[in-house]
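One chain, chain A, appears in both complexes that follow, with chain B as partner in the first and chain C in the second.
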Partner chain A sequence: MWLPWMEFAVVLAVMAVLTVPMGQWLARCFTSEHHTWLERLTYGTLGINPQEQMGWQRYGAALLLSNAVMMLLGYLILRTQDWLPLNPLEIAAQPPHLAFNTAASFITNTNWQAYAGESSLTNATQMAAITFLMFAGATTGVAVCGGFVRGLARSSSLNMGNFWVDYVRVLWRVLLPLSLLVALFYVWQGIPQTLNTQTLATTVEGARQQLMMGPVASLESIKHLGTNGGGFFSMNAAHPFENPTPLTNLVHILSMLLIPASLTYAFGSMLLQRRQGWVFFGACLVLFVGFLSLVFTAEQGGSQLLARAGADQQASITQPGGNMEGKELRFGIADTALFVTTTTAATTGSVNAMHDSLTPLGSITPLALMMLNCVFGGDGVGLINLIQYAILTVFLAGMMIGRTPEFLGKKIEVREIKLVMLSVLAHSAVILGFTALAALWPDASASLNNRGPHGFSEILYAYASAAANNGSAFAGLNANTPFFNTTIGLAMLAGRFLTLLPLLAVAGSMAAKATVPAGPGTFPTATPLFMGLLVFVVLVVGGLTFLPALALGPVIEHLQMLVGQLYA
Partner chain B sequence: MKSSSSLFPSVSAAVDMATPTASNSSSWGQLVGSSVRAAVVVMLVTGIAYPLLTTGVAQALFPQAANGSLIVRDGQILGSALIGQQFEAASYFHSRPSATLGPDPAQQGASMASPYNAAASGASNQGSTHQDLAETVARRVTQYRMDNGMAAGAAVPVDAVTASASGLDPHISVANAALQLPRVARERSLTHEQVQQLLSQSTEQRTLYLLGEPRVNVLQLNLALDALHQPAVSAGAAKE
Partner chain C sequence: MHALQDLIFVSLTVTCFVALLGFARALARI
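After this line comes the complex of A and B, so read on.
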């Protein structure tokens, strides 16, 4: 069946086409000298001077402080939701550890939800806390990327720009207008946008059906454009009110990839090295297609468990076939596979199928993409992580040929490598360390929905998701316990800031260096060879770090599925 | 463009002379002050103004869709065109299995199976080595064959025996519908052609020939079947 491959090719082509104008717009956002009246009004309200230039420490401090206060505000709103309006079902305030987890989760762009939207939140908090934090976290990521790239572009400079200016511009020029337009498209397709909490229906057979709804479309658009991922409803983008048609599914996917892909172009544009931008885009695309093929083939091949139980998984013109447990029919296998790959590549974390029910080999794709965290990646942070790997690649290549490594005309020295390794190690230590802790923790196994290796995968997935600030889950895991809420909350914060801050320091350090003119001994990084080398380094470093854990989870599960081993 | 954003390829690299603002205690206070104000402003703009504005425009432009694409018959709200329902009678087409739970009326705080509970979307979240899943699917397969007069060992479409991700999936595959058709026709004393015609009308093809899957909206189909028997049905179904 060639139709799914055709669909994938078309979608990726559309994404590549959208990358160019969006990338140019983002580059202009980061470099333009002109402030609009609305932005000047905002600067006045915030009490900041747009001409102020910040070094990386001040930039980082502004980033941390603004995020900390926003997280606190979100926390307070969640803790007082029983006093706020729009609460006809009299839902109580979120308990402290859950509110902490939720606020931390949304400000770090993770959107891990240890709660079910329908029963734990009111329409007021879905707007004032959740939608707000979605914008807050996403804008931070994109703004920081702007500062980061600016740092790389400059030489002999101590400045990375102004965090507030970047922030305000991304908000007014990029995220808000796009979110509004996309939200209206979504409503047209059927996503509700109302202040009503519910509508009561009597089904054809006479049963009572309580249709929950609310301001879903406005949340849905920023959810994907901001690579956030937190669903209005418990089942996220599998819920027909969040993703009613294949067309909304397509727009979700394109929204998720839009900013991460465009930032590779914006990077190239700001450094006047378009080819370098395309090399990064290409590296991401290669990895993306590889993992997409894995999950699609595995899911279309179906699950042996279903085959043994008597289900017919053969694809035909009248049925999608494959492993349909935990999948929606309107998406079948192909649209689901594309969504699974996109959401974990772009570290969004919304789901249009239950990842816990994916076949074992299929589940390697979302896990690996989160562990690598650089295949397009989340808004802003994806490019930053990819450049981290690029620096590592240049360093390894330099060691192999016995020369001082150079990247973008700047020497890579001890300080940069230490900071890059700090970031790489923080990410992997958080994932593996917390997974090990949870595997030993006495009460943790009560939270598992699947026993055996799949249960281990549930835990591994949770911390990979938190560290990568993804937010999707093997949702069978009951993570709303003090142990998981606290450890996952900490993992999210560490995953976000222990990778962002060291790399911000790298950018600051690079900005301060003088440019070394390119000579005959310079290792060219805007070539297909470098692209291949970058992909290789990403896979090898990621593989060496995470393959043992993957072997304990999905690989063993696959072997056991083949022989029909079942766990109660 | 001023040289403050100096780009590197120029050989005489323009050195950025502007120094960063000196860090001292008053500027830390300034940062905190700006952060607090930023939090409030962003919350008001993105958390209140933007959703309310979107709601206003959406309700004006697309009222049906914005309110959930509700289906009304004889003045009563039957459900949504986008949300599935449970059908158990033999004279209706059956939806996909649903793993949603609901509160157990007998036991405070406990849950029980409550298919197509739109107040609590849910799925099984069971993987390929889960014993419960193996047993549940096997049971559904046997039940399906029995319900639809199929031989033991006949192929049952996978979507008919697996639970959807949301538990509210309104669609079934065309293969699934085709296998249920003889039973429905028999129960309603209709010819196969009559039912097939309604089935084709409720079948949606792939969007733009590429996206999605061919699918049958069960609620829409069952309402159409009821309309054959009952006169003067007003169905305010929204576009899908």
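After this line comes the complex of A and C, so read on.
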């Protein structure tokens, strides 16, 4: 049983090694004075003045306006795909409520899918709407993180950089070249990259089978590097065309963690405080390993109900043992547990197993990681959310020991704490508010596959996924209804921007403050003690906010499983 | 029917982003 733990250790060690060069690359991207010819060409074409410096309000307005235009463009393509080329199967346009949900989903880097990609989208839409918005959403997140960290680094300044410059640089220097490299690797591993829509195969029994294909490799690469998550196929990364080999499974996992983990190093580099960056990396790693251990041991332990039904859940040379319901035989328990933890920690949403089939205790891992939303987190926003908790930790620690809260040489005052709490409350209000509404909505129960606490978990998971901009589904909820498409669409927009805007305001406020040198009253934040406190605060705030909801779902389901309680 | 729904969802999108711009302005006054 030591082999899975060795595998986890090796994967996380490789991630830690990759963090340094990637972090250096990101930091150079955010701080370089030089504009490449490609960037100058882009500025010239779009009429951007790269020398313009923006305050946080103008930076935020540019972010909102660019995202609004791209979301409307995505909506237009989804509504008119039946008129567009590359549609030999004559696939119809998405209905308006589904197109709204899909466009909101992909621009917010959520990639929640209330449709089956292979039968609902043409290859033109997969490229022009889905892959385009995947780049747009991920680029926005990383770019805003660059502006946010720059704001923290500046002193007595009203500016935090230029949104358009950050956006163009992240796209040209980071995401496009990396995605191209990874896509070529995927093609080598056998992932299709073609404009053909299908191929016909003859099975062993002699039957004819239609296999859907398309530009899968190019979508897969940005899907994981951009912590996007929406699959070309509805089976997502459990489908052999999306995840054909153990090597692609490993690269999927590393791709998801690469940019969120590296941004902690980029943060340390940009502030010339490398230890602080490693403290954030360490806090994420501690939480990641804790939740990975929970889902792995729960799934390996198996289900009491399956045991009563006579299922063999013992590990042997022919099976991995444990709860294999909803899992790919080729991935087993270990690779599934690692993927579940990674995809919800990095808020990607790509899945290589059905999360609906996790044991009740195992399902706490994805739910909790989406609720906390800061364990590495999505591209850019994960680090921003973690720094929000760091500011809260400094404030609480300062209150306890009677020191003035300071972070990165700046005093934390009433305004910053108000803004931070607004962001923390917005995230939880979106999840719990919409879950309560859906639980009371007359027709919502008709969308559930299960009754009782598991049915509640299906609703809670959907809105946690939407608010955290994760996009994975419990898969037991038929979300393609006008009610769910509209409310989940709104939850994704609120979850993205109602948390991001207050934190941009925090960065703007911190940029305007003068840096004061550390004195004897300063609480040091680049220490293992602060790392422990940060982990504690994240868990306490998350626990106090979400434990009641978790108690109604997976916790009570686990207790009922122990006494054999089932719901017909 | 779909034209009316398109109008509703496009208006909803525009309204959301306008409201977010207003939210950002309100944050500046905190």
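For the reader, a short list of remarks on this structure follows.
Convention: the second predicted complex is superposed on the first by the 568 of 568 C-alpha atoms of A that agree within 3 Å, B and C clash if a C-alpha of one lies under 4 Å from a C-alpha of the other, contacts with A are read in each partner's own complex, and residues count from 1 in each chain.
Here is the rule we use: contacts are C-beta pairs under 8 Å (C-beta built on N, C-alpha and C of every residue); 3 or more make two chains touch, one makes a residue touch a chain.
Note that the structure is a prediction, hence the values are computed from the model and not measured.
When the shared chain is aligned, no partner comes close enough to touch A:80: not chain B, not chain C. Looking at the shared chain after the overlay, A:68 reaches both chain B and chain C.
Using the contact criterion defined above for the overlaid structures, shared-chain residue A:129 touches chain B, although it does not reach chain C.
Residue contacts after overlaying the shared chain place A:57 against chain B and chain C alike.
Applying the stated contact rule after C-alpha superposition, one finds that A:478 touches neither chain B nor chain C.
In the superposed model, A:201 lies in contact with chain B only, and not with chain C.
When the two structures are aligned on the shared chain, A:3 is found in touch with chain B, with no touch to chain C.
Put simply, more of the residues of chain A are touched by B, taking chain B and chain C as the two choices.
In the superposition on chain A, the residues of chain A touched by chain B in one structure and by chain C in the other are 57, 61, 65, 68, 72. On chain A, the positions that touch chain C within their shared complex are 57, 60-61, 64-65, 67-68, 71-72, 75, 79, 95-97, 99-100, 103-104, 415, 418-419, 422, 486, 490, 493, 497-498, 501-502, 505. Across the complex, chain A is touched by residues 2, 5-6, 8-10, 12-14, 16-17, 20-21, 23-25, 27-28, 30 of chain C.
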